[in-house]
Structures are given as structure tokens and as C-alpha cells.
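In what comes next, subunit A is part of two complexes: it sits with subunit B in the first one and with subunit C in the second one.
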Partner chain A sequence: MQSLLDIPRGARSLLKGMGVTIRHFFRKPVTVEYPRKRAPVAKAHRNAIVLIEKDDIGSHNCIACLQCEKICPSACISITGSRPDGIAFKRPDKFDVDFALCSDCGLCLDVCPTDTLGYSEVYDAAGYSRADSKFDLLEAWRDKEGEALGTLRERERKKKEEREAKRKAAEEAKAKAAAKEKAEGKEDDKTGNGTAAS
Partner chain B sequence: MPRDFVDIFGNPWLAAAAAIAVIMGFLSLNALMLIWMERKVSARMQRRMGPTERGPFGLLQTMFDMIKLLGKELITPTHVSRKLYLSAPVLMFVPIVAICSLFPLSENWVFHKYDIALVLVLAFSSMSILGIFAAGWGSNNKYSLLGAIRSILQNIAYEVPLILAVLAVVLVARSLSLYEIAMEQSPIPYILFQPLAAVIFFIAATAETNRAPFDIPEAESELIGGFHTEYSGMRFGMFFFAEYSNMVIVCALATILFLGGWHGPVLPGVVWFLIKVYALIFIMMWFRWTFPRLRFDQLLKFSWLLLVPLAVANLLVTALVLKLL
Partner chain C sequence: MPELIHVGRDEDRDTYYLNMGPQHPSTHGVLRLRLLLKGEEILEAEPIVGYSHRAHEKMAENRNYIQFLPNTSRIDYLSGMIYNIGYCQAVERILGLEVPERAEYIRIICCELNRISSHLLWYGTLLMDLGGFTPFLYCWDDRENILDILDEVTGSRLTYCYGRFGGVTMDVNDEFLQNTLDFCKRFRERLPEYETLVTENIIFQNRCKDVGVFDQELAQDFALTGPILRAMGHKRDVRRDEPYGIYDKFDFDIPTLNGADTFDRFLIRVEEMHQSLSIVEQAVSRIPDGPVMAPKVPRKIKPPKGEYYFAVESARGHFGMFIVSDGTEIPYRIHLRTPSFANLSSLRSVLRGTMIADTVAILGSIDIVLPEIDR
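The block that comes next holds the complex of A and B.
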């Protein structure tokens, strides 16, 4: 008797199941033809780290501060850097990552002061030996380094000029104020001088 | 004036040879298309793309698969019963060709009008069990044998409700000829008179063809494919072929018995017939990619305790109503 009562319920559930499959039948497939088309990378994906291009420089903006190297719990980053002429910051000479050791913890990204570290979008890197997982992050930027250095130097020079101009202006203002004071010959209050100079 | 093959060729042997050629050609093309369709349907229901590489929409994929199968070595395991092992694929296929020759595709597309075509169809469809058992016994493999035994049990269990459902239609049509039955349904198809019989027939037919959710004989995980475990290359291909040809047969039978055969507006009869057949086949595929496989005791219970009583009740009610009318 119970089984007889189950029949309509069972039939309904079967029809419901068929409804689910036919609904999906008419929807677009979610897979892509992989080698030719690639699935888009999710926003929160984690992967091997790379240096990201910063728009205003035309290259990465790594200053070889070594913070990422120090915070890395797996010690997979090794950086050496030096200061090129005419630039206030260091630039990396070597930025090697051993992805075989990396645990994708993301601490290096958090700590980067210039935000020039990011995750790679190549999610299907493969290799035949451990050496294949050692990435030289500067490799992609090597031919742009000269240009970037030029831009940085230019910027540095402009900054210097600006500073110089500001200093000169300040000095002139100070001299003017002094002259004014002298000419008026009133009180030689130091606070008055100070406000005028600044 | 409708003419059949015997009239056209004059010689019955020549007519038979021509009919076999036509049927085999149709069945091979059909099997290739159906395998493609199955792969595409399953892919779409799982939100995948399915075959896309060869030909438009991957249509030629199955043809390349068949060429690969043809090129494969035919391995005959040691200790098989050679006669049974080698004859099983043929035994599977002969009744299929025989059944196909009985179907009227439209008013004029008939090989020959038999008065008892329906009985012949049911008799021949029972013969395919023989092929399954020859394969299972002849392979000398416990998985094959278990698969074959299951298949036979299942076929026997579901043939009873199938035939009972068909009998109800026969009572309404007062004929055993498929042509007559289809002609009777000119205004209204029998599915409206016999909805219960139609449902029972379709469920039983799905089981008869060993399709999911009744594909226990082939249960990959437990029986490694069942009765065709030991077959390789095109011998395996023949079983595959037979499975899809069987689908066409039961769907064609359902079309003739319940959906009014070739009757339909505007389009020519053959087109209507094929549309109905392939729509039913799509429903079968839809079943396969929706329902999980039944356990074996559930399967037998479902047939003997539910389908058979329902079919008997349906038959009795039909007989009573026809008597009173």
C-alpha cells in the first residue's frame, strides 16, 4: 500500500529531475576548447608571482627593498639590487622565484610597498625538471629596462629641478621679506620674519 | 497504389537482398548519427561542448571512431567457446534487420505488408536475448556471464508488460498488422486512448534495450561492460551498433502503436515518422542522462509488482470498455 502511495511522488520527482537536465541542455556550455581558447582567470586566483607593469613607468616598479624576500615563509624569492645613477631608488638586478617552493601564501604581495607584485595568469605552466620551476621575473622586462630607467631619471631630474625652483623661490621670498623689513625699519620681530619667509 | 519491394523486383529473393541492403545502410548511418547525438546530448546536459572537431558540429567524429574500430585487432581470448563467441554479434544483429523490414515508414514506404507483423516484431525482438546469452556464455568470463544472465532476466521481466501494453492497442485496433494499426490512427493517435499503455510500453522498451536507468547488464563499475567485456574491435562495434539499432526499433514501434505512425500535417509521411522516432530517442537519451541506475532487485520489483499489474488492469479495462461500446 505504501509503495502505491509512493508512485505519484516518485513520478513527480523523476519529472523534476528531467526538468533540471533539460534546463541545462538549453544553456550555454561552461567549458571551453582548452588549447585554443582559455578559461578566464578568476579575480582571486593565486599563482606564480610576476612583476606587474606600472603605467607611469612603462615597466615594473620594483625598488629592490627585499621586503618580499624577507617575509617569504618558503624562502623562494632571491633578489639583489643596486642604485643606478640619477635615481633615488634601487632597481633589482636579479629577481628569481623558485615556484616549486612557493606556497602561494601571498604575503609578498601584501608587503610590496610599490604594489608591483601580482599573480601570473599562466595557469598551465609545466616542466620536466625542478629547474623549470625557477622563474626569472626580470626576464620579461629586460628590454624595457633602459626605457624605464630613462623615464625614472627624467622624473628624478624634474623633481630635482622642482625642488631647486622651490628652494630658490623660498630664498627669494626670504630675501624680499628681509629687504622689506629693513626698508620699513619698524620692529625687528623674529616671528614676523618667520611668517614672511614661510 | 501502394507497391512493396516484392512487386517492384518481381523476384522475392532479389527483393529481400535489396531490402537488406537498404536496411543495413540506414542502420549504419543511423547508429553513427545516434552515437553522435548521444554524445552531444550528454555533453549539453552536463554543460560541456561534446564533439566539435571533425566536421560541422563534430558530426563526422563517430565515423572516424568507426574507422578506428575497424582498424583494430580482433582479439579472441583463449578458452572461449569459439562457435558461440563468434556467432553472438551476428545473432544480435540478424533479428534487428528482420524487424526493420517489417516497419511501414509511410503509406507507400513498406517492404511488405504482413498481417501479423506485430507478432513477428515481438518474436524477433526476443531473439536478441539469444545473442546476448551466446556472448555471455561463450566468452568464458564471469562478468560476461553475469551480465548476460541479468540481461535475460531483465528482458523476460519487461517483455511481459511490453506485450500486455501492446495487446491493449491490438484490442483497440482489431489488427496485428502494423500497417493497419497505423492507418487506424489517422485522426487521433492511440496515445490519447491508451496513455497508460503508452507509458508502460515506453518504460518497458527502455528496459528492453538495456538503456539507463535499466542498464544493469552493462553496469560499467561492477560488470566491466557486461556481456561484451571480451569483445574487441568491430565485434564490440557490432554490439554497440545493435544497441542503437534496438533503440530505433522500439521507438519506431512506439511511433506506430501510439503516435500514429506517419500521420501528420503538411510534411510527407516518412519525415513525420522519422521526426517522431528521433523525438522518442531523444527522450530515451534524456532518461539516460537524468536518472541513476536502478538496483537489480528494484528493477525486477518495478516490473513484476508495478508494471505487470498495471498493464493487466489496463488491458481488462480496455476490453471491458470495448465490449460495452
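The block that comes next holds the complex of A and C.
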């Protein structure tokens, strides 16, 4: 008996459900026909890490401090660096990233002192073997490296000059101050003596 | 297809073992259920876990506190934000680190959005297990909306690593807040649709009502938490009982029901989505300006020697972290108390005596996430 009563109830709930699906039928599709169309990537989206160009250098500004390599929980970064002539800090000779290991945690971006790490825009890099996910981040910058080094050297030289100039200025100022102090000191002594006497 | 193994006892030819899983679509991951059946009745059910064990707890002993951050969201990839932020909150409480107000609000918004997305996924998959394909797609659509919103600010879609000790990595902008509000509005319109389509559906009701009733003793025996416990009539929620973050500033209900069957567990989760929506709306309307990162976070995290326990309410229940520190940068031990593990343990008692066709409904209503059970 119960099951008989269920029939009209069931039919009603079925029709109501159909009503909902029919309404959906006339709505705009929500899917994107990948790969013919590509979904937009959020600006903050995390992908493989890359070195970002710094305008004032014309290249990346990695100083091979190895902080990112040290903090990476997945050990996917390997860097070696050396100091080129005429520059106060190091530049990387090798910057390899194994994206297959990367957990996109963003810790390396947090620690980078020169803010030179960022995320790439490619979100569907696929490969046939594990080697396909190993990226050499310096590859894109190799031909610009010479120029960048030039800029950096120039900057270093200017800095040095500035420092030299500052040092000289400071020395002069010091000498002046010392001379003044000497003069003031004498006066101080006089007034000091005066107060003590009174 | 599940593999059939005939036990081969001649006198009892209808008793046999059925392996459900590990690669069964309705076991939500790699769970293996060894069912001893007599005809269609389940005599004994044994969940066998461990297929996706990744040793998160062991990994914690080999890395420092900061480096454990990406692991947290991978414990439970469906509500990763809650785990990620929860771990940050645990360490912050140990260190006595103050989190800026704005960061707290952002955390709440993200966590509650994540809770909704986790419930939506559960909703869709439960329905699909029961044979309804359409709601699954609708849920996916709404869930996608949340993932897009969270992607804009966290940079990830599932395994978030957004929290940092002392705040969050990135500030949210007005667009994010507007998108969140838009989602809330849209989702409030969608929920009645789900109701017509699913909750009122008579086939669904018949398959869920009085199916998989949990005995009250089970709650204590297996330390059940989360929606399952609330469907048994117990008003327990870590967000209320031991408020963490700024949950005490929000106005929300802890829904409870008394039936303890599959249908009640379903209704509880739907109601929780409503509550989470209201929390999100409150948070968005009250979010203050300011920094999102504490000004003085120590570069080296070295909690004082001792043992600490901190719990948050994940989408599945009480998620606890037991952290033992020996005063160094590397945790001595982090034990994770995950809700699904405790909840799944009760399955053996619940499934005894039920029909095999109800297994997926009961299993689905417990809402397990295997990586969280295996860790």
C-alpha cells in the first residue's frame, strides 16, 4: 500500500527535479573548451618558479645567496654561484629547478632578499618523462648576462665612487668638526672654569 | 569491478568475501573494504587503510616548522585551508604570536569558503554514489566558483599554502571581497534548487532514511566528531567549544539532529553550508583594514620545550595537532589527530547487518578523505 502511495509522490518529486534541470539547460555553459579556449589564470596563481626581470638591471637579480635552496621543503632548487670581477656579490652559474618536486608553497619567494623569484604563467606544462620537468632558469637570461654584468659593474663603480666621495666628505666634515670642537672645547673649558669658580 | 573471492566452504555456499576497492570509485580515494557477505547482507566489514600513506608525521621530524607548512594542506586535500591555517594557529599559540585583525578575518573567510567547497564535493559524490549524476555537476560548478575565488588570493586551487606564522602571504583586495559576496548571493539561490532536486527527491529519501543508524555508544567508543556526531544530537563543535582565531566574534548556529541516519547526516552538512555562508558574509562586511602579517615574526621558529595540543574544526570534525618540541628548530614529533580516521573506525559496527547496496550510502555519508586517514 505504502509503495502505491509513493508513486504519485515520486512522480511529483521527479517532475520538480526535471524542472530544475530544464532551467539549467537554458543557462550559459560553465565549461571552457580546453584546449581550444584557455581559462584565464589568476594573477596570484602559483606555477613553476621563474626569475623575474628587474628593469634597472635588464636581467634577473639573483645573488646566489642560496636562501631559497635552503628553505625549500622539497629540495627542488639547486644553485651554484660565483663572484664575477668587479661586482660585490655573487651571480648564479647554475639555477636548476625540478618542478616535479615543487609543492608551490611559495616559501622561496618569501625568503628571497632581492625579490627576484616569481611564478611563471604556464599552467599546463606536461611532459613524457621526469626530465621534462627539470628547468634551467638561467637559460632565458644567458644572452643578457653579459649586458647585465656590464650594468652591474657600472653601478658598482658608481657606488664605489659615491662611497669614496662620501668618505672624503665625511673625512672633511670630521676634520672640520674636530677643529670646531677644539675651538669650542677651549671655550667650554673657559665657561666650565667660570662656573666652577663661581 | 570488485574482485570476487569465493571462500569455498561447501556447507555455506552463500557466505563469501567481497573486496570493495582499493580502486573503487565510491571509496573516495584508496580504501579497501573487505566485506563478508551472506547473500546481500553484510556479516562483517573490515576497512583496510594505508594505501596512500605518505608519512607526513615522519616528514615533520625531518624539517623545520616552516617547512612543514606545505604538508599540512596535503593531509586533507579537500579542506586543506583549514588544516593549513590550523597548523599556523597552533604554532602561533605556542609562540604567543599576535595575528593582525585583518589576517584573522581573511583566514575565517578562506576557511569557511573551503568548508563549503569540501561539503559541496561530498554532496556531489554522495549523490553520484547513489546514482544521481546531475547534482554532481551542479556542485562541481559551485565548487569551481569557490576554487576560482581562492585561487585569486592563495595561488592554489586545492593544496593551499596560504597561511604563514603571524598572518597570511597575500592581502585580499576589494575584488576578492566582492567576488565572495557574489558567490554567497548566488549560492543562496542555488541551495533551494538543490533542495528541490535532491532533498525532496523520494528515491533519495528512501535510500537514506533509517539507513546506517549510529548507536549512541559509538560516539564514545570511537570518539566520533564532526557532522556525524552532530547528527546524533550532540552539539559539539571546536569552533564553539574552544574558540580559536576569532570565531567567538561570529554569530552562527551549530545544527544538530537526532536521527543519526544517513539522511540526517546529509541535512546537517547542508545546514552547515548555510551557517558557513553566514559566517563568510559577516566576515566580509566587518573586515577591517590593516596589515596581514605580524610585524615581528622570528626568523627561526623555536618553540619552547614542551608538549602542545591544538585543535580546529575541519569539515569532517575535530582535527588536532599534538606538537612535541625539544626547543630546537625541528619538531621532535607532530602527531595528527584526524577526524576521518576515528569516524571510519566506526564503519565496522555500523555496517554489520546492513545490505550491501547501502554500503556506499553509509560510507559516503561519513565523508572520509583517505589521504587524511593514512596521512
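Just so we're on the same page, the second predicted complex is superposed on the first by the 131 of 198 C-alpha atoms of A that agree within 3 Å, B and C clash if a C-alpha of one lies under 4 Å from a C-alpha of the other, contacts with A are read in each partner's own complex, and residues count from 1 in each chain.
In this section, a contact is a pair of C-beta atoms (placed from the backbone, for glycine too) under 8 Å apart; a residue touches a chain by one contact, two chains touch by 3 or more.
Here the structure is a predicted model, which is why all the values come from computation and not from measurement.
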Considering only the touch criterion stated at the top, classify A:Val30 as touching first (subunit B), second (subunit C), both, or neither. both
In the overlay, answer first, second, both or neither for which of subunit B and subunit C A:Gly127 touches. neither
Does subunit C touch more residues of subunit A than subunit B does, or is it the other way round? C
Does the superposition put A:Gly150 against subunit B (first), subunit C (second), both, or neither? neither
Quick check on the superposed pair: does A:Pro113 touch subunit B, subunit C, both, or neither? Answer first, second, both or neither. neither
Is A:Ala42 contacted by the first partner subunit B, the second partner subunit C, both or neither? second
Output check: A:Ile22 vs subunit B and subunit C. Expected answer is one of first, second, both, neither. What do you get? first
Touching A:Asp104 in the superposition: subunit B (first), subunit C (second), both, neither? second
Quick check on the output: what are the common subunit A residues between the subunit B footprint and the subunit C footprint? 14, 17, 20-21, 24, 30
Help me check something: in the complex, which residues belonging to subunit A touch subunit B? 3, 7, 14, 17-18, 20-22, 24-33
What residues of subunit C sit close enough to touch subunit A in their complex? 63, 66-71, 74, 134, 138, 141, 144, 148, 151-156, 159, 161, 164, 169-170, 193, 196-197, 200-203, 206
Residues of subunit A touching subunit C in their complex? 6, 9-10, 13-14, 16-17, 19-21, 24, 30, 42-46, 71, 73-74, 103-107, 110, 119
For subunit B, which residues count as touching subunit A in their complex? 41, 43-49, 52, 286-287, 289-291, 305-306
